[in-house]
Amino acid sequence: MAIRRGRGVAAINYPTGMNLGGDPTQALVHSTPTGNFMVTLSSVDLGQGMKQIMAQICAETIGVPTDRVVVDTADTDTGPHCMGTFASRGTHRAGNAVIQAAREARQVMLEVAAEELEVNASDLETDGQGNILVKGAPQKSISIFDVALSAHFKRGRSISGRGMFLIPRSYPEKETGAMKPSTCYAHACTVAEVEVDDETGEVTVLTMKNVFEIGRALNPKMVEQQLVGGSWMGISHALYETTEPYYPNRDHGGTDFNQYLMPGPGDLAQTEIIVLERPSADGPYGAKGPGEMCANPQIPAVANAVFDAVGVRIDTLPITPERILRALKAQAGAPN
Amino acid sequence: MAKVPVQFTLNGAEKAEFIDSGTTLLNTLRDKIGDTSPKGGCHQGTCGACSVIINGELRLSCLTLAETCNGAAITTTSGLSEGGVLHPLQRAFLDAFATQCGFCTPGMIMAAKVLLDQTPNPSREDVVEALSGNICRCTGYEPIIQAVLTAARSNSQNAA
Amino acid sequence: MELRKNYFADQRKDDLHEIGQPRPRSDSPGHVTGKTAYFADRNFPGMLHLKMVRSPHHHARIRSIDTSEAEKHPGVVKVLTAKDVPHNVYTILILIQIGPEDETVLADGKVRWKGEAVVAVLAETERAAQEAAAKVKVDYEVLPAVFDMEEALKPGAPLVNEYHGQNYYLYDSGECRKVRFGDVEAGFAGADHILEQTYQSSPIEHAPAETTGCVVAPEGNDRFTCYTNTQAMFFTLDNASIILQMPGSKLHFVGGTVGGGFGGKVDVIVEPIAILGAKLTGRPVSFIYSREEEMQISSPRAAEKVVIKDGFMKDGRIVARKVTGYTDAGAYSRHSPYGAQKGAGHYPGPYTIPNVWIDTYCVYTNRTPSSAMRGFGVTIGDFALEVQMDKLARLIGMDPLEFRFINAYRDGDMKAHRQPTEGAALIECMQEASRAANWPVAEKYLSMSSYTKGA
Amino acid sequence: MALALQTFSTVKDANAALKAAGTRYLGGGTLVVRAANEGDVSVSGFVRSTEPSLSAITVSGGKVSIGASVTMAAIARHRDLAPLARAARAVGGPAIRNMATVGGNLFAPAPYGDFTVALLALDASVSTNGGDLPIETFLATRESHHAIITAVGFSLPLEGGFRFLKVSRVKPKGVSVLSIATVLEQAPDGTVSSARIALGCMADRPMRAKAAENALLGRKLTSDGIAPALAVASEGTSPVTDPIASAWYRNEVLPVHLGRLLLA
């Protein structure tokens, strides 16, 4: 018996958005009478944290702390249109729409503040803590709480804004395929280290070192959530997952979590995540979509590591112990 | 058809309901009593999202008939925080960013609670074993393992 | 996780108040206390449960359907067949003008995959619906089925889907989406080495913790509220509106808190039939996939086949790449025509190659209809591309990481689909990976930059 | 029809109720409640008995009796059953082990039923109110077995004489690729004097590896000593093919894992 070790690398990029279909998302932002802000969307949070990220984007743009922003999403009676949560588009598309809506609301807010402070709106700035200050004369200030009260009860203004972000549809040119399939690209390079049991074909992923370039980590802890979970799913795709384990025979597909296989908590690779940020030109605060691409590079990295370990290529996913064992036997010239 | 009575304590409060015989505890808790913290992820016993604690033991409420729980003390995740203060495990899950979609979270917390009740200073292997019946598709498990280890440490610090 | 701020610092503002801050998630307290409300946490008095009778065959003609015993079963309130669905033949991408309509809400005359929905049973309890579903009698004439994309594309193969008329999606560019850049044959002719390899994958299930489903409640005013875990609210509402021939103003969708999606909840499968059930009975309706349905009935990631032929030089430059990609849509389009052409836009990967030829096919077979999943149109392509890169490097005795540096795209490089590269960062990712994984590469690669155009 | 549960204080009364068509005995619920939840309409009612003996574990004079309602968790933590703890812990995750019973495990189809593999190696007897059956006889006919299992009995193996291995793809709790239980006795010179080897997943129910048992007799537990046993380990197997592994794979790796267990 031999446990053989190998490592493999893979490098990838990933497109953000659904340009080939046309890709719009809208957002509305308004303030409450006491200067809290409501973001209204129809975008869906699958667990990736869309609600929190939209709140941070709105807060940054308006100039208030995030806990003064409430996100109301995914009620079609109130929320304006969003294409949906897929194609790594949520943060990018909805984020841009929220920025636009928040900017418009911020402008009204500054105008009301300017009237209260008897200065020009262009001379005002926010401190990020809930106050509006005169640039260069910060002792002259007003709270956003008071500005909102004034707008509602005194000046009859709606501190609100509309956001619309549309990537117009790109139609591929028929003969050449010229097209603009994406808005911006995220990047990754992953190195996987594995051990392969050459008598059973079992693979243990020892380490997974992932470098991701994602534009901008809007909330680093939430980015980490996506990337750690994605790295796990990449390993799962590489080694475990299929609904048709014996295709072209279509029987024996798993119907539960015992028989549809994925790595358990005892199968975890030691996972390292490193994030680079090259802001995208058109993303909200430079963000790109990290949610999908983070599960891609591990698959070929594991495949290449398996080859490095035992010298057989498994070019069909998933790379199961059975496929490795059959390949090892073929390599050894044994009948199988 | 005739209903049968069931009676147990849920998170310390007495509950009595009339249910159809053969109803699972999961459906009784969710549909009759209105505690939706246990989730129905599979109804097969393969995902752990419906985990509850019955008389101190971790059980799957989807495979447990409510009638077999008469007189039992049942704990669910909705009953863990007291007076608006989160249980240390809940706090640790928050701090470790150990929830994404959140659907597996109540079951994970139940499994972790039983572990810490029985093994206050668990090893990583103990935690892995304790969570092994609970499926998470989002996190890759590591943040959850870390959350449980952190909660154990904070418990032992408080006790010291 | 480490943020490596030394890269691209000149392009970034790091002094923001809220952006870049690890704020706690506002939804997590609900998650850890079990208070977060998912669609299935809504329970309405008098709610009916919908169970689907499904095809046991991969491909069959339906001779007859007899629902009489099921209708008489105690607790059954309504049994639905194709004739009850106002606009039964649909396709979801019709909203962005990608037709034809090719799928039935409930099978009408034919089933094209094992598991296809044929009859919907609505009953007072899940158990009654299950028992009644078992009493529905469907008489099938089994037809030859095709499960392999190459077989399906051969002349004389069983026709999977009559709405297409052939076993592939017909793009405006023909049988496949094409990308043509440079002269790939000339590139091969001038290459030191040529390697052609085939890569394949199996369908992959999203397997979210929460299964697909919805709960529909009549509002009492001709409107219906649909609590759903769809990934796309208006996309689902608008498709439901078409299928039900019901103005969108009559529909109210509430969702946005989903127990995992990964692309598996974009198909508009459960909502229309549940709304129809609520409309025809006047009762709330719950239609929630069982775990078995989630694992075997809901769309998986497509099986794919990717053939890559590369011409490359001893010095490591790839001079020609030809990619033929096949996406197995299964029996119906759903999102697959989009995914296949997204692949065409993705190849030849993040590398600058002067001569490229890409054909991507969306093929129909009698497998479970596939659809979007995390990395749609790209994940399997990246597997193929990056294993191929490893093979090329080893063939010329070059370090696989250095080989990628030689070919990596940089700002300004023209891509095969004729967009200049912007915002590249592949080189920097590889540089950092070299360091993090202790995988040494020559100094000249460590001093490269995505900012400067390649040779 | 709703799925009513009938509870009886005696096994005798429960046995009588089980005669009704469609009724199934409710042990831990991991098999029958799941079947009902999944829409198995052949299940029309549950029957259970609360007779205390069903939950009893007795160990005396090296003889063990485990009531059919005893859970895997109860076995795993029982001081006198320490050698079996590994096999009991091989079943499911913690919640399943608190529910799954010895009686239910006897009926669990492959790839489940790991504990029964251990019972087969231990040459257990299976008890009902009608008497005792050797476990091999029971397993061969378990589909037609309608009387409630009340207990299993066996002799505790000698110190170190019992070995158990479960191989799964998912750790730490995945279901079996295969499982192996062995009860070996060795002469003072280290040669094997008696051997029982039971296999899980190598057929649709636990089976004995009789050829390997015979080939082990008189041999030492060394690489060379066990080689003849490994060579015939797959004799008579007809492994299941399921999403975990194919029959081919199970047969290929059986000798590998048996060898590792015997040399451990």
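By letter and in written order, the chains are A, B, C and D; residue numbering begins at 1 in each of them.
Convention: a contact is a pair of C-beta atoms (placed from the backbone, for glycine too) under 8 Å apart; a residue touches a chain by one contact, two chains touch by 3 or more.
From a predicted model like this one, the values you see are computed outputs, not experimental measurements.
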item	value
By count of C-beta pairs in contact, the leading pair of chains	A-C
Distance between chain centroids, defined by C-alpha means - chain B, chain C (Å)	33
Centroid spacing, where centroids are CA-atom means, of chain B and chain D in whole angstrom	29
Gap in Å, rounded to a whole number, between the CA centres of chain D and chain C	42
Between chain C and chain A, distance of the C-alpha-averaged centres to the nearest whole Å	17
Multi-partner residues of chain A (each touching 2 or more other chains)	46-47, 49, 221-222, 224, 228, 230, 233, 245, 253-254, 256-258, 260, 262, 264-266
Junction residues of chain B - those touching two or more other chains	20, 42-44, 46-47, 97, 100-103, 128-129, 131-132, 135, 137-138
Contacts with 2+ other chains: residues of chain D	2-3, 36, 38, 172-173
Contact graph of the chains (line, ring, star, complete, other)	complete
For the chain C and chain B complex, residues of the former touching the latter	24-25, 27-38, 40-41, 43, 125, 206-211, 258-260, 262, 288, 290-291
Footprint of chain C on chain A - complex, ascending	7-15, 18, 20-22, 42-47, 49, 51-52, 55-57, 59-60, 63, 65-66, 71, 73-77, 79, 81-87, 128, 169, 172, 174-182, 184-185, 187-191, 193, 209, 211-213, 215-224, 227-228, 230, 233, 237, 241-245, 247-248, 250, 253-257, 260, 262, 272-281, 285-286, 291-293, 295-297, 299-301, 303-304, 307, 313, 315-318
List of chain A residues in touch with chain D within their complex	1, 199-202, 240, 245-246, 252-254, 258-267, 321-322, 325
Footprint of chain D on chain C - complex, ascending	51, 74, 125, 127, 130-131, 133-134, 290, 292
Footprint of chain A on chain C - complex, ascending	1-5, 7-8, 11-12, 16-23, 25-27, 58, 93, 96, 98, 114, 147-148, 172-174, 177-181, 197-205, 207, 230-235, 237, 251-263, 265-266, 291-292, 295-296, 300, 303, 338, 341-342, 344-346, 349-350, 358, 367-368, 372, 374-376, 378-380, 382-387, 389-391, 400-401, 404, 408-409, 416-419, 422-426, 428-430, 432-433, 436-437, 439, 450
